[in-house]
Each structure stands twice: as structure tokens, then as C-alpha cells.
Amino acid sequence: MCRWLAYAGEPLQPSTLILETKHSLVAQALNSPLGFETVNGDGFGIGWYGKDAAPGAPPALFHSIEPAWHDENLRELTQAIESPLFLAHVRAAAGPPIQKTNCHPFRHGHWLFMHNGALAHFLRMRRDLMLEIDPELFPHVRGTTDSEVLFLLAVTHGLQEDPVAGLGRAIRRVEEVAQRHGIADAVQGTFAVSDGRTLWAFRYSTAHRSRTLFHSVDMTSLKEMYPANDRLEVFGAKARVVVSEPLSDLPGAFVEVPESTVTILDADDFRTEPFLAG
Amino acid sequence: MCRWLAYAGEPLQPSTLILETKHSLVAQALNSPLGFETVNGDGFGIGWYGKDAAPGAPPALFHSIEPAWHDENLRELTQAIESPLFLAHVRAAAGPPIQKTNCHPFRHGHWLFMHNGALAHFLRMRRDLMLEIDPELFPHVRGTTDSEVLFLLAVTHGLQEDPVAGLGRAIRRVEEVAQRHGIADAVQGTFAVSDGRTLWAFRYSTAHRSRTLFHSVDMTSLKEMYPANDRLEVFGAKARVVVSEPLSDLPGAFVEVPESTVTILDADDFRTEPFLAG
Amino acid sequence: MCRWLAYAGEPLQPSTLILETKHSLVAQALNSPLGFETVNGDGFGIGWYGKDAAPGAPPALFHSIEPAWHDENLRELTQAIESPLFLAHVRAAAGPPIQKTNCHPFRHGHWLFMHNGALAHFLRMRRDLMLEIDPELFPHVRGTTDSEVLFLLAVTHGLQEDPVAGLGRAIRRVEEVAQRHGIADAVQGTFAVSDGRTLWAFRYSTAHRSRTLFHSVDMTSLKEMYPANDRLEVFGAKARVVVSEPLSDLPGAFVEVPESTVTILDADDFRTEPFLAG
Amino acid sequence: MCRWLAYAGEPLQPSTLILETKHSLVAQALNSPLGFETVNGDGFGIGWYGKDAAPGAPPALFHSIEPAWHDENLRELTQAIESPLFLAHVRAAAGPPIQKTNCHPFRHGHWLFMHNGALAHFLRMRRDLMLEIDPELFPHVRGTTDSEVLFLLAVTHGLQEDPVAGLGRAIRRVEEVAQRHGIADAVQGTFAVSDGRTLWAFRYSTAHRSRTLFHSVDMTSLKEMYPANDRLEVFGAKARVVVSEPLSDLPGAFVEVPESTVTILDADDFRTEPFLAG
């Protein structure tokens, strides 16, 4: 029900992608051609890992319930910092109240998580799903979104040891609970997970009709394709973006992430694997 | 740059028009087919005269910088009160910051004022226009919009004695100052003014290409046209709405207010007169 | 951790008690001589029943996370309405985030509830207490406070049929869960409950050392004591206030509500009964 | 009417001084023993120069109208950044509305300015003082505080060429305008000005009874005085703080800035000079 963007690569001012491109995340907040909702004005969040931070250091968060397009703190902040890995999100609320504790990304330890999509009929499943969360983690539920519950469910199921397996098991649990309640097409979404070194970007829905997700092609190729494009100069050779919708109209710059896959980016590698595809 | 609505008639819950009709003001905030901007998410305001208030009692104000579509206080408030005359406004900011002091309607004594449109190149004219405000009124400038300056300029020029003449003289002053600065098409807008008994709704622009404005037809006729329409039952015989865009798709329910006119509504009368038409 | 005030009697502008007395609720927000915290700046709420509302009609709510002392909407609203029964609350957050869904009073159907105090070590008990809530009511948990959980637990245990018994049973359940967790002195508080006709004001803590609570003496006596006091003229003969701290320094105007009691006010009656006193 | 703090020295997490010391700025917001008001809950601001920023690069700003003590973004941000020179401010509003555009510090180009105190009877002088602002600068007036007007008046009078002379001339102009209006004791305050390399901290009032201001002693001496104090380890040898009230109770750590002086800090120098002392 939202739009999101994740970046990994050389340290970058987040404003470059969030504010300054033609179809930047903030531009998408006001007008999202591929979104389920046209307007995503119900909160903004960014989580970023520090440029000089020690491995395992927790990322910082900025959450705001002002519409992203007129939030001056967001503008100042995303120009003042540089980060080698950040996740940003604009929300179109589907029910849960507009409050900072419902803004993505969510953080647990040094992990970040964000989600575009929904768990079907979440209010009917909410109690059962909250019971599935590890009691030790229960006090960490700070908001009232389906996304946060899914995240803590994935942590319960081992996300911190193996993000792909952990999120996969959590989604399967949601689908089982949904079935018990007679709810079809339980899970719908694109998901981003990071530990500060690696970025996992998932596209999955129970009905195999997920929201859109794209990743940028590798920057060296892109610069060869568009040698005269000054706007690309700011990006390093390792820069990669995964995003709900292409940030630009440059043909060839963005590639769709396939249904039921996970795309994994880190400093040395970029690959896409099947996810709950069976 | 905004959308507005004014109601006069039998006491009515403002939510009826602001939240519940098909193209209610809040629906227009999210999607305004006739608006200059599609999204009007940069603040909301309502000013209302009390049902039992003494003549000359000041109206109450509610201003919010949350987008109107998710503001629960707005929802609660506009259902809890009834008012025989209220003005409501959703803002799409054209420059001045998003803050309550920049939200319409503006109040002076028992007068209310709101505006959709803009003074061209306001920042270039701002100092000169503020100097034109009666020094006694200068401390009343609380925000930084062109609209508030125009309102206090109209008060300076006698709006409280004669709203049509007062606003007319203020607009002419703006046009003169604009000319001195080499600014064309200085004034653009639709304006609502009220003292709690009468409602004046203006449509005027220097270039004679104003934003849209409509008024509802008289309720007795409308009910005759649509005898089976239950939604009309809530409205009394004197109910009238003036609004930036029709609130419904009922053919014949709304009539366009002509360019360079003022529509005047009070308990006994409804008439349209020329305004700065010469 | 907060301050609250409840009024029942002839319809009254809430601003009279919330803003205008010497130790008004908003004055207490800035400086509370008897409070556990000196400053109560973490949110405000008012719930009010309409002057002309039908029996059983739900009350309206206004919640704000701005400090009460500079909230202009609060000032406007509490002067614009009149209500025969309202509950108002200023919050000093003890942990749960500052957000409107954590502001008191809470509403369920046509019932209101608010609380000053705390459940000890709530985060350790939260999961068990949420499980005690009727699964049908679980989706109504909108915030993350101990107070809201206690309210829905009381609804689970029959508050809507018998508020004294319902809240009593809920408190006993909390004390049992606390004992299981090795938590002493589980419940601490003063509580207000209303259905729009009757107001119940409780003072209770497991350790029998509850926060302060006072009620005003009957208005006829008070006016006889202070015949020259113009400020009392605004109050009708049935006006009663229950409040965390006296609103004025008038000797004899406020009487302390005893430990382990409930004070019950309605149109015809005023009485105090033991509550969980055994 | 406020409390402020300015730091210059080795790059430092602002949270160290804003959140973590015993009498940190946020602690002072809740309880300011030396302040004119006890509570400073009407907005927060920080302006910081980047650690790696080029000379002359503008500082970043974060302004918030939430009380500083519960603002999670403030907590996250001031831990995520490091800065060699920052200014931070908590506001207790004396009249002008609570809005971000009224939060200190104010920025013009690469200059920052903040103020604790007031211009007496500002509303009576406001029009005349705004007219004194260079018309080219007039559009930069974004809020409605006396402090911002004084800052732009100082820019008008050459602050960017010579901060001491520029602010001095601006204060003299205010005193002249005040005299014309029959207003005594026109200026009252402590002021901080910076260009990113140097910090000027002024203490001045027309009546020579200014608000308190302190600077820390040099860090090498302080560490010698308190060799066992671990909390000092985070500070480099050049670290200096100027602040409305001492941040700690360490005897000898803070020295009062004398009336009618300016303290000037930069990388190589620390000195105090007379200011408008004649």
C-alpha cells in the first residue's frame, strides 16, 4: 500500500534518490503511476547505516507523519548524511493509524525491515499472529501494523540467522493462520531486509500477483549506455537501487524483479534466487 | 492552490459535506479533478459559527497540518458540532510553509476569510503589501501567506463595513503594486467572506481566468428534481453550498458562479452581482 | 503518571475547568504540585457527550500530542462546545510512545475510560494481559498503553453491565497475572468511567497508596460559602468535578476521595462506596 | 525565554551534550533551575556543520515542535551525526506561535543564529523593525519571532562581514525604535552566531541584567581537575561549550560569561571582549 526504495553501494546522500530524481520516492508519494494507491501521504521513514559505523552497529531511524513532500527535516537530513546502505519508505495507510510507530522501516537490533503490501484481513488474524511471536520479542511490538508483526514473526523464525529462511517460514505461518480463518490470498508484498552489509529484496504474494519491484542495472553498464548523462556521475560503480517503481524514464536502467524471488546485494555480489516458489 | 467549501442554511453537521458526499472536500483533498493541483494535502481548516451563538460572536477555528483524509480529530469534530454557517478549506501549499498559522480560514473579530488561488510573485510584493496594511492591524499577521495579507488589506480598506467594496479596493491595491513591480496577472482566486449572518463568495482574477466556483441550486427545487434521493433529506429548505467543485454528480445540482461576480447568501436572500467587472 | 478531570452537571464549556481556573488541568500540565511528575506534556485528550445527544449516543473525542498549554485547537474547541459530562486528561508518558492512540480517554461504544497511574512492569505482563482480552475485542486495541489494555479487560469482564464489578474483576486479574510474574504492587491508579449518564471515579492501588483524587463539594453549599465569588456563577446547582488535584485554593471546595472507593455521580445522586476494599 | 547550547571543538555526537549529561539541554527543557521559565517545551532546534563539509557550506537544520524530551527523531539524529560545531535550542514560547518556522537556530547562507531572551513589546515594534530589514532580505522572514527579525536586522547591518559590529548595530537600532515607542529595556538576551569556523556568544541587555550564560573551561585543565571522571574522555582537547546553564555540577567546570561581553571561539583561540559596554 506504499512505495519503498533501498540503496546499497558507495556512500551516497539519500536525497539523491529520495528527492532529486524525476520519479524520486517523494515524487512517487504525490503521484505513483504504478502504485495501488495514487497518493502515499501517510508517513515517511528512512533507516540508514552509518558511513563509518562498526559492523553490527544499529542503523539510525527517522520517522515522520507529515507527508514526505513538505517535510523540511527530511530534506535537511537526507542531504546532511551519507550512507552506504539505506531503506526509505512512503506509506499509504490501509487502516492502522497514522503514527510514527507505524512507519517503516522497522528496526530490531541492527536489522531493518520494510514492506509494501498487506496481510489480508489482518484484524481478524492479528491476535493469532501476535501469539506466534516469541514472548521475549512481544514487548518489542511498538505499533499496530501487519508489517511489524510479520517482521517480528520472521525474527521469531530465525531471520537474524538466515533472512531468506526466516521470512519464508513466517510467511508460511501467516498463510496457515489465514487458512484456519478462511482467508484467501493471505500475503501480498514486496519486502526489504538488511543487516547493514547485505540487502535482501523479496517479491512474493500467496496469489503470485505481487506489487511491482525493480532493481537498477549495474552502474558501469548504465554509464556506458548513457555517457552524456551527468546525473549518473554521483553514483559509484557498486551503486544499486531496488525500488517499487523505476526512478527514471531511462530505457534499460531498471529491470523488474520476478515474482517469487529474492534479490541479494552485497559489496561483492548481486544475485536473484527463487523464494517460496514451490 | 486549494479547494474550499462554504455552507449557509439550517444548522448542519459539517461532516455531511466535508466527509460524506461522493466528492466531499476531503475526497477532493486526495483527488481533485478540477483543481490546479491534484492533491491538496498541506493542511486543513474549518471555521464555524455556533448554532446558539449571539450575533457578532466570533466563530471557532480548527486548523490542522495533517492531511485531511486521515485526521481523526477533524472527523470527530465535524460530526460533534452543528453550525448554520461554516467555511472549510484544504490547502495545497504553493510556497509558504505548512503550519497552522498558514491554514485557512483566517479570522478577524467575528469575520472569516478564505481563498483559493494566489497573488503572483507574492514574495516580490510581500514587503510592499505588508506596508499597506493598517499599522494597527500589522500585529495580527500571524502567518506568511499571500491570502492572510490580502485579508488584512481588505480589512484595512473597510471589509467590515462593506465586504464587496473592501475586498475590491484591496485587490485593486494589489494590482497597482504588482504593476509597479512589472508583475502581470497579479490576482487569481475565489474568495469567501462571512460575518456569521451573510456569506459572500467571489470569483475574480486579473486575467479573467479564475479558478472554478459553484453554488448549489435551491434545495426545494433539488428535492423536487430528485424525490427518491435519501441523501438530500438531511438538508433544510434554506441550505446552500458554495464550493470549488461540485460535491456530487447529480445533474442540475450545482451551477457555476460566473467570472467577476460575487454571490451573496443570507437567511432571506440569494443573489449574484458583478465584482470588479468593469 | 498523569492528571485528569471529569465533570458532570449542567452543560458547561469545558474550557471553564480545563483552561480558566487557577489550577486548571492545563495549568497542572505545566506544573502539578501533587503529581508524581511535575510536567504532563505528553499528550492531551478530551471525550465529551453532546448536550442534545440521544441516550446511548457515543461521545466525541479530541486527542492531541502537542503539549496542552499551547494547543490552539484545544482552546477553540473547549470554548465552542458545551457538554453535561466530559472527561479530560493530560499525559506524562511513562514509556509507551507519544501518539494519539495512547491518549486518554479511551472509547468503546458509548463508554469512556481514563486512568492516572500504572500497571507495574507492564511490558513483562503485556502479552499475558492482552491474551485475557476477549478475542472479539482484540482488534479494538489501537495503542500500546497499560491503561487501554486494562479498559478492554474490564469490558471483557462486564464493565458495560456493571462498571464497578467489571473494573474490579479486571484489576483482580491483573493482580493475579502480576503475582505469577513475581511482580508486587501491580495496580496503581485513579480511574474514571462513564456511559454518558453516570460517572464512576475510582481510587485504588494494590498497595493502598493511590494517587490523589478529589471531588468538589455540592455547588449550592459552595456558593453559600463564597457568596461574593463571581467565578462560581457559571456553575449550575448540579455541577460536580472529580479531579487529580484541586482546581482552586478555595478552602472547603474540594474533598479527597478515600483510598479503595468509587464515587458515583449522576443526575440525581452522589455517593461513595468501597471498592476492592476487602 | 529559552535555553541554548553551542559546541565547538573536535567532531562530537551532539547527543553527548543534548541528551546525556546530568543537566543536558533536554533535561533543562523539562526543568531549568536558572531559567526564566521552568519548562521549555515549545519546540526544539539544532543546526550543525558537517564534519567533512567544505568551508562556507551551509549547515543542516532540524526543527521540531514536539517537546524535546520525547522526540525520537532528535534522539536518533543527534546520535547518528558528528559535528565540530553545532547550536541547539529549546524554546519556551512567549507569544509567537509554536511552529517550526519559529524554532531556533535560524539560518542565512552558511550563518546560524539563536537567542534566549526577548525584545520588549515586540508586537508594538514589529512593523517598524521589519521595515528596517534590507528589502532584499525581507522575503527571508519565514516565521514571526522577534529573534528572527533581529537576526535579519543584524545581517542588514553587516553581520556577515563583522558579526560583533553587525549585531551591535542591529541592537542599537532596536533600542532607538523602542525609545521612539516609549519602550524601556528594549533588548534582553544571550545570542549565539556562527559561520561554521568561529562561534560568537553574546550576553547583553539594555538594562544590563541579562539571562545567564556560561562557558566551559578548557578541557585539558578540566581533565586534570577530574582525572577519574570517565565522562570527560569523549571530549577532545579543543572542546568548548557555551550554554545557558551549566551542564554538570562539577565545581570549576563552567565559568559565567560576563554581562555586556562577547566570547569568541575558534580552532586556535578563545577570548572574551566587551560588547556594547559603553
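Order as written gives the chain letters A, B, C and D; numbering starts at 1 within each chain.
Everything that follows uses one rule, which is that a residue touches a chain if its C-beta (ideal position, glycine included) is under 8 Å from a C-beta of that chain, and two chains touch if they have at least 3 such contacts.
Every value quoted in this text rests on a predicted model; they were computed, and no experiment measured them.
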item	value
Same vs different contact residues, chain C with chain D, by half of numbers used	same
Where chain A and chain B are represented by their mean Cα positions, the distance between them in whole Å	41
Per-residue multi-chain contacts in chain C, two or more chains	72, 97, 100
Topology of the chain contact graph, where touching chains are joined (line, ring, star, complete, other)	complete
Footprint of chain A on chain C - complex, ascending	97, 99-101, 123-124, 126-127, 130-131, 135, 138-139, 141-144
Residues of chain B touching chain A in the complex	30-31, 38-39, 41-42, 65-67, 69-70, 72, 93, 97-98
Contact set on chain A toward chain D in their complex	48, 50, 60-64, 72-73, 76-77, 79-81, 100
